[in-house]
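I'd like to ask some things about the structure below.
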Amino acid sequence: MELTHLDSEGKARMVDVGEKSETTREAHAFGRVRMSPEAYKQVRSGYGPKGDIFTVAKIAGIMGGKRTSDLIPLCHPLPINVIDVDYVFKDDEYTIEIRSTAKTKALTGVEMEAMTTVMVTALTIYDMCKAIDKGIELGPFYLLEKRGGKSGIYRRAKETV
Amino acid sequence: MELTHLDSEGKARMVDVGEKSETTREAHAFGRVRMSPEAYKQVRSGYGPKGDIFTVAKIAGIMGGKRTSDLIPLCHPLPINVIDVDYVFKDDEYTIEIRSTAKTKALTGVEMEAMTTVMVTALTIYDMCKAIDKGIELGPFYLLEKRGGKSGIYRRAKETV
Amino acid sequence: MELTHLDSEGKARMVDVGEKSETTREAHAFGRVRMSPEAYKQVRSGYGPKGDIFTVAKIAGIMGGKRTSDLIPLCHPLPINVIDVDYVFKDDEYTIEIRSTAKTKALTGVEMEAMTTVMVTALTIYDMCKAIDKGIELGPFYLLEKRGGKSGIYRRAKETV
Amino acid sequence: MELTHLDSEGKARMVDVGEKSETTREAHAFGRVRMSPEAYKQVRSGYGPKGDIFTVAKIAGIMGGKRTSDLIPLCHPLPINVIDVDYVFKDDEYTIEIRSTAKTKALTGVEMEAMTTVMVTALTIYDMCKAIDKGIELGPFYLLEKRGGKSGIYRRAKETV
Amino acid sequence: MELTHLDSEGKARMVDVGEKSETTREAHAFGRVRMSPEAYKQVRSGYGPKGDIFTVAKIAGIMGGKRTSDLIPLCHPLPINVIDVDYVFKDDEYTIEIRSTAKTKALTGVEMEAMTTVMVTALTIYDMCKAIDKGIELGPFYLLEKRGGKSGIYRRAKETV
Amino acid sequence: MELTHLDSEGKARMVDVGEKSETTREAHAFGRVRMSPEAYKQVRSGYGPKGDIFTVAKIAGIMGGKRTSDLIPLCHPLPINVIDVDYVFKDDEYTIEIRSTAKTKALTGVEMEAMTTVMVTALTIYDMCKAIDKGIELGPFYLLEKRGGKSGIYRRAKETV
């Protein structure tokens, strides 16, 4: 295996995807936001009729995911069929879990879009909660699964935390 | 303490910084990238005369940091005096540690710029190494320190990992 | 009929266009700018050899239209075959009418591109004329026609003003 | 009065704000979205615990407002103290009214930020509702009020619709 | 003199402008577009009542100049008082000369904004004329003058072509 | 031959590429950066283990090239298979030569992407070296070659400098 983003001299390069085939591809990524019990409770109770932290963060994640190739230097601009974000609330760990989905039909995969989406979602939660807890921890973030393309299906062995 | 990004009905809002004072402010954030031993060794040996993964990632982090208010919905656009990125290589843990600095003279702080910088730096390392290790873990990310503004100095008690 | 941008819980979501078919699609939108007689006359006489308000506004509209998916959270990035802008001057109503065209071959339509184009064109006219008339009114804006895709042709019954 | 965005030959130009003074400035703009009764009812009932059309549109409006100088060719990039969006629901007219606020301390005003904010908010509502009503009308949009700067206070005489 | 964009190890870095003083600064840059006689004549005759190549290119240059810090990795985002573009037509050399002006009151200079403006202006002329002459040459581009800041006035000795 | 970017009245317009065929296309562009002997030597010696001016500039060029349709008003957004940048150092002329490659499979060509890439690469070198030489000259820039599409292969007759 080799670092395809580096040429034979170790210089950075964009991978030429011209020889790859246009297939349906999808990727799922995971991320976590952990707060103090006090902050978590305040945020959590605010999730309901009035609290829209999680809507704002989801929107930011989707918009960030659409802009992946603008943020990550060697990423290819891709058509996006859909980007989605879901939350799971782990009340006993004062933790919000974020899962993203990205799908395309393109010459290369959408792993980076899925990863960017969870990370911008988490950053936005951080921004909206930092006034009550500066110690919030974001992460870990990792790829859960990818499908499509020559390398086929990847599924993470376990979700390590 | 209250969630300043939510108004009395729980609707998201941008904080009006018009009453805050323009002072020198800085923030430092931390992030971590952990790889498989095999991937780490390949990347690490590539760090030298030829390997520029870490330059590319640093540049991406700085550019991402400059674009924070474009990514995070309720962030204020700020003048930036400097954004910087440093790496520490933890060879026995197959881990790269990233520390960012952001400085401004403005009505509000640069915590989000420091956080965005470490996260985009990490995402870019991920992008450049995912061909050899899809299981790379990014995080945790957190604020190390902030200075300036009415709330004064914050320094994280311990660096939890 | 249902609000496809909301899931079953009413949460916002991006529509997955993966099942839609790639066809030629086009859309036309309409918008209006109405000024005071004094402002209109000054602007109108300036339309000729020297006055390039309308060129600047058209360019801004096209550039804005190309950036639709960056502005509108749940819009899909699309290839664009062409975006165009035309003006009709209604001298007796001190009104400028704007019509836009957007075309693509894609999995989803370009209505939002056509709408964004007329609105950014109008905003730019406003910007260039606000020094002489702060009371300028923009609108109404609406879709005139769309073609292509499963739902076929839509044509607005009448142009209401 | 003259068109300050045109030079003596009628060519477009950016106004040099170097001689203007840095003062607190604010602007308020108005916009309207009118739907079919059926669409309005569906959207309106969706406004509550689950429906977040209006949160998504508000976020888009704020983000669009922060990007005004990127969209409007001759606008100056400005620091933004705050941008806000409020809705009023006119149930008997199947109409949503949008009001925006923008504030800065800068050499020039934030009218364009206020106008861009209401228009991107309206465009986003359109995007999220066009599946149930393609005939939605956006507008009129106009400036309600501005304060600060040499020209002082402007307040629209009446809200024409 | 030293390369302030490189630290002591030769790694790229953003210069910290926090110690610099906020003063009025301006910069002027120069660029040239040279075409075949046939293309030049066609473009030149098109410059008048109808031809707006040069308006489009000027607008693109101004918009590009406002986005300098987004394009150039280590540039600081700056407030911009004005950016302007002027053309001189050298008919006997089939050449268009472009001069830009950029002004700010900031902690660092606007040389990059002036340079980016002339280069994006030239690129846009190229784009609009490449259908009739693929051999168009852009350049040279250089700084004509800068004022303000600790290093004072710089004025290019001669305009080399 | 006609200026396809102008309509019959000389107004700017975007070309409708809907009738063109989707084929593999590529383009190569050239650009030059010339410095004072002193600056060149300092930069050149810095090219090696530590100096990453050229990596930063290459990354900026690739990112700028990906954003071509955002910068150049009438350019079409395109999928990009690859963008690449190479340097040749002409030590006896204190000159750095830049060559770019852009490839796509699309309805229209990537000449503008190739040109934007060399120009943003050169601008970034300028930015990183202007502290030691304000007189740096950028250019000429021109298209070396293009392939694909109805007009077939273009290859520049000679490299004029």
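Which chain is which? They are A, B, C, D, E and F, in the order written, and residues in each are numbered from 1.
We adopt the following convention: a contact is a pair of C-beta atoms (placed from the backbone, for glycine too) under 8 Å apart; a residue touches a chain by one contact, two chains touch by 3 or more.
All figures in this text were calculated on a predicted structure; none of them were measured in a lab.
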Given subunit D and subunit F, the chains that contact each of them: A, B, C, E
Number of steps on the shortest touching-chain route linking subunit A and subunit D: 1
Candidate from A-D, B-D or A-C with the same interface as C-E, over half of contact pairs in common: A-D
Farthest chain relative to subunit D (centres taken as mean CA coordinates): F
Homomeric contact subunit A-subunit C: same or different residue positions, threshold half: different
Approximate Å spacing (C-alpha centroids) for the pair subunit B, subunit E: 32
Mean-CA-position distance for subunit F and subunit E (Å): 16
Centre-to-centre distance between subunit C and subunit B (centres being mean Cα positions), rounded to whole Å: 38
Of all residues in subunit A, the ones touching two or more other chains: 11-12, 48-49, 52, 55-56, 59-60, 63, 67, 73-74, 77, 79
Chains that touch, pairwise: A-B, A-C, A-D, A-F, B-D, B-E, B-F, C-D, C-E, C-F, D-E, E-F
Touching residues (chain side subunit E, partner subunit F) in the complex: 1-6, 9-12, 31-32, 42-43, 46, 49-53, 55-56, 59-60, 63-64, 67, 71-75, 111-112, 115-116, 119-120, 123-124, 126-132, 134-143, 146, 154, 156-157, 160
Contact footprint of subunit C on subunit A as seen in their complex: 24, 55, 58-59, 62-63, 66-67, 77, 79-84, 103, 105
Touch list for subunit B against partner subunit D, complex: 11-18, 69-70, 73-74, 76-79, 106-107
Subunit F residues within the subunit B interface of the complex: 48-49, 52, 55-56, 59-60, 63
